[in-house]
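In the two assemblies presented below, chain A is common to both, partnered first by chain B and then by chain C.
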Partner chain A sequence: MPNKLFKHIPNAGLIFFFVLLTSFFCLFANNFSTSMNAENILAGYSFIAIIALGQMFPITARGIDLSTGSIVALAGMVIYDCMLIFELSGWVSIGLGILAATLAGALNGILIVRFNLQPFVATLATLAGYRGLVYAISGRQLYPELATTPLRDPAVKALNEFYDIGSWTGLDQFFQTPWIPVSFFVLLGVMIALFVLLTLSPYGTALKATGGNYEAARLAGLPVRTITISAYAMSGLLAGIGAVLLVSRLTTSTESLGIGMELTAIAAAVIGGTRLQGGKGNVLGPVLGAFLLGIILVGLTLMGISQFVQQMLTGGILLAAVGYDSFRTRKQA
Partner chain B sequence: MTKYINDESNNRRSFLKTAMLGTAAVGAGVVLPSLPVSENIGVANAASDGKAKMAFIQWQPHTVPNAWSKGIEEVLTAQQSFDYQLLDGQNKVEVQVSLMETLINDGAKVIFLQPIDSVALAPSIASAKRRGISVITLNIDATEEHAAHVEMNHYFGAMDIARVMGEKMGGKGEVAILNAPPGIIIRDQRTNGFVEGMAKYHPDIKIVADVNAEWSRKKAQDVLSTVLASNPNLTGVYGVNDSMALGAVDVAKQKGVLDKMTIFGNDGEKDALESIEKGELSGTQYTDVYQQGRFAASVAAVLASGGISARDFQSQGKLLMPYTIATADNVGEIQSAQRW
Partner chain C sequence: MSNELLLETIEVSKRFGEFVALKSANIEVRAGKVLGFVGSNGAGKSTLIRVITGAHAPSSGTVKVRGKVVEKADPALMRSLGIACIYQHSSLVSTLSVIDNIFLGRQIRNRFGLVNGKAQRKRLQEVMTQFEITVDPDEEVGRLTPVSQKEVEILKALVASADVILMDEPTAWLSLSEVKTLHATIRKLSAAGKGVVYISHVLDEVFEICNDITILRDGTMIWTGPEEDIDRPKLVNLMVGEALGEASRAAMTAERHPRGTGEVRLATKGLTKNGVFHDISFEAYAGEILCFAGLIGSRRSEVVKCLFGDDKPSSGEILSEGKAIRFKSPSAAIASGICLVPEDRHAEGLCLQHSTLENIVIPSLETLSQKSILNRQSMAEMCDRQIKGLNILPPDPHKVVGRMSGGNQQKVLLGKWIEKNPKVLILDEPTVGVDVGAKAEIYATIRKLRDTGTAVIVVSSDLEEVMTLADRILVFNKGRITSTFDGGEVDNDTLIQAIGGEEVA
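Presenting the complex of A and B:
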């Protein structure tokens, strides 16, 4: 029975909608169904998908991380400074950037657990705090002559490469295959690692239990405080990885990098079925959510739809997704 | 058994709901192109009607890019051979990059760009250039050479502001600069031009404060109140945009010191010109921004109709806009159709 099958596919509704919308744009938007467009969407949204996967952790723990965009900027600026001011090697700089992001995320968790702050308030405060820190450490301000110097390290170049998988596999004999960006491979790696972490290790169950019912999880003996901190550290870590890919794509970092990205990431996570009331989320949903936002922007642009109508449609889709989430929660209550 | 049936029924309902959501959004897409809400009805048929595509990727919707777009559209519409689209960069570099790539894929002939960052957009500008697509930047230049750059005369205009402002102050006094946040080239051009202009024309005027008011009228009000408390002898204020200068006018009026203050802005937007006519703001650098859009579109139309590829340029073209230092003496000469 199709319904039985449907039941076992995660995010079946979203996958259906995704396919439907993609097919619609392929038919009605000029140049949507080209390999170059596929490359653009893969390169332009893989890093957002990774950041949305990060956002899934605090949301699953019944929290939220509003500082994601600022953490992206912080990681970006650490990489920028390490490469251009301290002249460290590319991979070391990237490692330090990701470390800074993870620590910033963990600090969010510590503020929430240690000082008993609401996640919304704590991460709203660090949204401003980390952004201020980015301005304070900005190599662009400290050494204005560096402001127009792009990052040319081999590591940055390597992360912005595209690979002709179609030619390797022989698929390009049948149709024109897109070249796959490194960022998409990184996304696949992250998805596999998170799938193992959330589904095959006890951590996933503990995280969902903490978000689903904090008190019950605590009474059951789960280290709920550590789990909460880890959820925010994961958000920071993945924001850091996203920042690395973004910086490689732009060949620079700016003080305003990632402004508003927390909202995109939250939107992608929620569209992907991460329940705002906590306790539920999987690795496929946020990724589909991020790419859905991507195809909407690109598809509507190619159709020549006005920028304001684009925003209204995007808002409408988000509202419908959140409404659907709330409907589903009520139904299960 | 009952639970199974319920689950199955719930699943069906969930699926139907999602399908309805999808259909609704797709339906909206089908309907919208025929409604007047679509800015550019013809783009989807660009290939079939033989019109070349051009688009402007703005920073985010704001008075200045809106006026540029109006000027661009005016010229391109008259040519009858171009489809034009205004796009929103949403104040995000990654969105601007994504839109650049989308336009390159769509075979645009010319892309007008107000880059959020001079370096971050460079790789996609290079990518456009490889495909022969001309990029024309407006006001903010990029580090990657491209077809042309059309900008307000930030540096020399700011020098002129310093000259005229100093004359109105009688060549002496103390001035505060209400500045933009760091990190944008035009901030430096407008600040450096002013500081060097003061040093050149009015060396006795001291610049006693240079504070960040984040381009905002409200923020300028807060910041200037603090500056005035620590600098009671302040007699001049320069806002690097008009909004901040108008914030300074608000504070001066409130404190009853407008008569002894000389306040200059930069840009020349409608509100600033009206304030000058009311005798409040002392002056501003006025640029006809519609004209700036028209100039950029003229360049684009000539390049596209002449079959000039971005790869044909020996070096990047540059055009500085003519400007006027508008004060009470000459503001009346700016026609209503030139006000934005």
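Presenting the complex of A and C:
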């Protein structure tokens, strides 16, 4: 019976590892168990968790999106241009940025479905293409005098707020509570929306079926091509939302925003139990995966471990996660 | 029982260009009955299924469901009329749960457009109770046993209110006890008034489960009637055809390798793979053609895989020239001079996008290179030798193999191994999909190899081929060798009976 219960909690192993690692750093890393550090991790990794959730969609559909980092930069640059060059209002700029990201994602999907391209190749091409587009539309290049102007729009400010939940609820009487960044609330909202989409609506099953057995899904009458496009559009949309939070935090955007972020997102999604062979994914996994990577990075830094060692350890953890996944798959077969 | 006529085809034919795949098929599927289709490969079973499921439009004739003519059938329409098909290969999504698979593409929704899990569960429970099938709805399909997966597919059909369920080789991946479970389920279906069409190569199963049997050969229904009216030898005879007689007469005059003389090249003692084949003992002599005869599913290919080091037996010995060996991989078997021409030449035999030359040299790369550099000239010579020797058409070393005819593809495959001078050459169904002319050439090549002292093992389900080629015949039945014959001395009827599963002294 406990075994059965265990089976029905997805990511049980990951949650265990997460708790273990957190406890380890709380005991052995100086200043890890402070509310300041918790604030940093929450603010620094909520947007990565959102991008990782986006990455989960193409992977679940048995694809991959390598262009995520470039899409983040594209959304960031559209917001930057709209605010500083066209002087549009903050929320409109943000909306346009997210729209651009969603369209870029959908274009990935259309390339893959329409021209029958390998997702890896198609998104590798747009990884370069979208980054080039970012340079082409960069307000920093077109108007060098704007380069040092920070984004001061109230919308940007609102998204970079922290709320003292501890004092509202009275919890800070018992222990020191971290202030919660807006980006974390956005993450929670995204998680709830995606949970409804993936678990309660027919779309989730359709997406997993498309990735798990394309032919069976097609024969069951599912619009598999549309579903594939939608998976990449979701990846773009969530990369756009992540970009908004990132830009708000930095109060600016650059051409090199988000370089390499696709790898972090893929790592987080895979550590979170998204099956690279497609057909499996859930909302909690990538979020845990992203924060796990954050905790490791921050924890090791606080312990004074060199950056090279940190990267090697991150690679090792990724290997372990993928290895565990393939071990489990083989055991089933 | 109501015995209502659920589905019938009237004079249905299907042509692909000049080729007639199905001629004037008349079938009737009745409520509470199981109808069996039998026939060799290419007999038209698949075409008939495709017409019934709406995947192919018939060239002429009509399909009626519950007495009403179906116009412009397509898969979605036939499904909605209650015709469901369970294919040999699973059409389930292994990463999804049972319940998600069953309702895939037709989820019950609530008023917000979300999945109504409660209603789905209730509907599934009703169906499971009615037909006494039990599966855990939340289990992931990939974790279920093969027979449970078949039951999930049956449930999927039932939940969609299917009246007629077609099952194409449903037992291909099942063990013997699982087959019993599946048959019990099928009986429950027919007791509940569903019509079942059961397609299988395993005659035992057909006699066990079917009420009526239809035999197809070369696209024609040559016999149809109640199961009681036909016995096994008659059925096998109808399935494989009369051409056999002629082949066997010709074979009588051919010279045969005398039984049990010469050097033993490859032998097995009590070779067993649990649940697959049992106690396989034989000896293959240098300079003889040994045929493994039997029906599809009699586990000959599985035995051959073990001989070639592609699979591991559970117990028993393989002896190569008298020494016990255990190959860890095909490359070890090849090193000992054992070569295999596999059954599925597209999936296992050839690199279809590559040329004749590239395919022929693959196993000989080491002998063709000096100091790790390939010798282009010897490669070209090797390829030329085989093109001439085997009459590969077109005689162009750079022709892409995927665009060649089945017969020539098979010759390329043969040529690739001939160059290795094998001590033992195993051919699994060497002439499936090969035209008559190329067939004769392949037979001649096989005989030539025998005459140069190779021990040849031919796995064949084609009786004509067995009668033509074999010096010695081992008959396989459900994973056991049930009888042994000398090529020149056996007659058709005896062999047919033996293959059909009757004990012959």
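Details
Here is the rule we use: the second predicted complex is superposed on the first by the 330 of 333 C-alpha atoms of A that agree within 3 Å, B and C clash if a C-alpha of one lies under 4 Å from a C-alpha of the other, contacts with A are read in each partner's own complex, and residues count from 1 in each chain.
Going forward, a residue touches a chain if its C-beta (ideal position, glycine included) is under 8 Å from a C-beta of that chain, and two chains touch if they have at least 3 such contacts.
From a predicted model like this one, the values you see are computed outputs, not experimental measurements.
Partners chain B and chain C, once the complexes are superposed on chain A, both fit on it without clashing.
Number of chain A residues touched is higher for B, counting chain B against chain C.
Residue contacts after overlaying the shared chain place A:Thr22 against neither chain B nor chain C.
After overlaying the two complexes on the shared chain, residue contacts for A:Gly304 are found with chain B alone; chain C is out of touch. Put simply, the three-chain overlay gives an angle of 120° at chain A, taking C-alpha centres for chain B and chain C and rounding to the nearest 10. In the superposed pair of complexes, A:Thr148 makes contact with chain B only, with no contact to chain C. In the overlay built on the shared chain, the residue A:Asn213 is in contact with chain C alone; chain B does not reach it. Of the two partner chains, chain B is the only one touched by A:Gly260; chain C is not. Between chain B and chain C in the chain A overlay, the least Cα distance found is 7 Å. Touching chain B in their complex are the following residues of chain A: 3-4, 6-7, 12-14, 16-17, 20-21, 24, 28-31, 34, 36-37, 40, 43-45, 47-48, 135, 138, 140-141, 144, 147-150, 160, 246, 249-252, 254-257, 259-261, 294, 297-311, 313, 316-317, 320-321, 324, 327-328, 331. Contact residues on chain A toward chain C in their complex (touch as defined above): 8, 196, 200-202, 205-206, 208-209, 211-213, 215-217, 219-222, 275, 278-280, 332-333. Those residues of chain B that touch chain A in the complex are listed here as 7-8, 10-12, 14-15, 17-19, 21-26, 28-30, 32-33, 37-47, 61, 83, 85-88, 90-95, 97-99, 101-107, 116-120, 122-123, 143, 181-183, 188. Within the complex formed with chain A, the residues of chain C that make contact are 75-76, 90-96, 100, 103-107, 109, 113-115, 138, 142-143.
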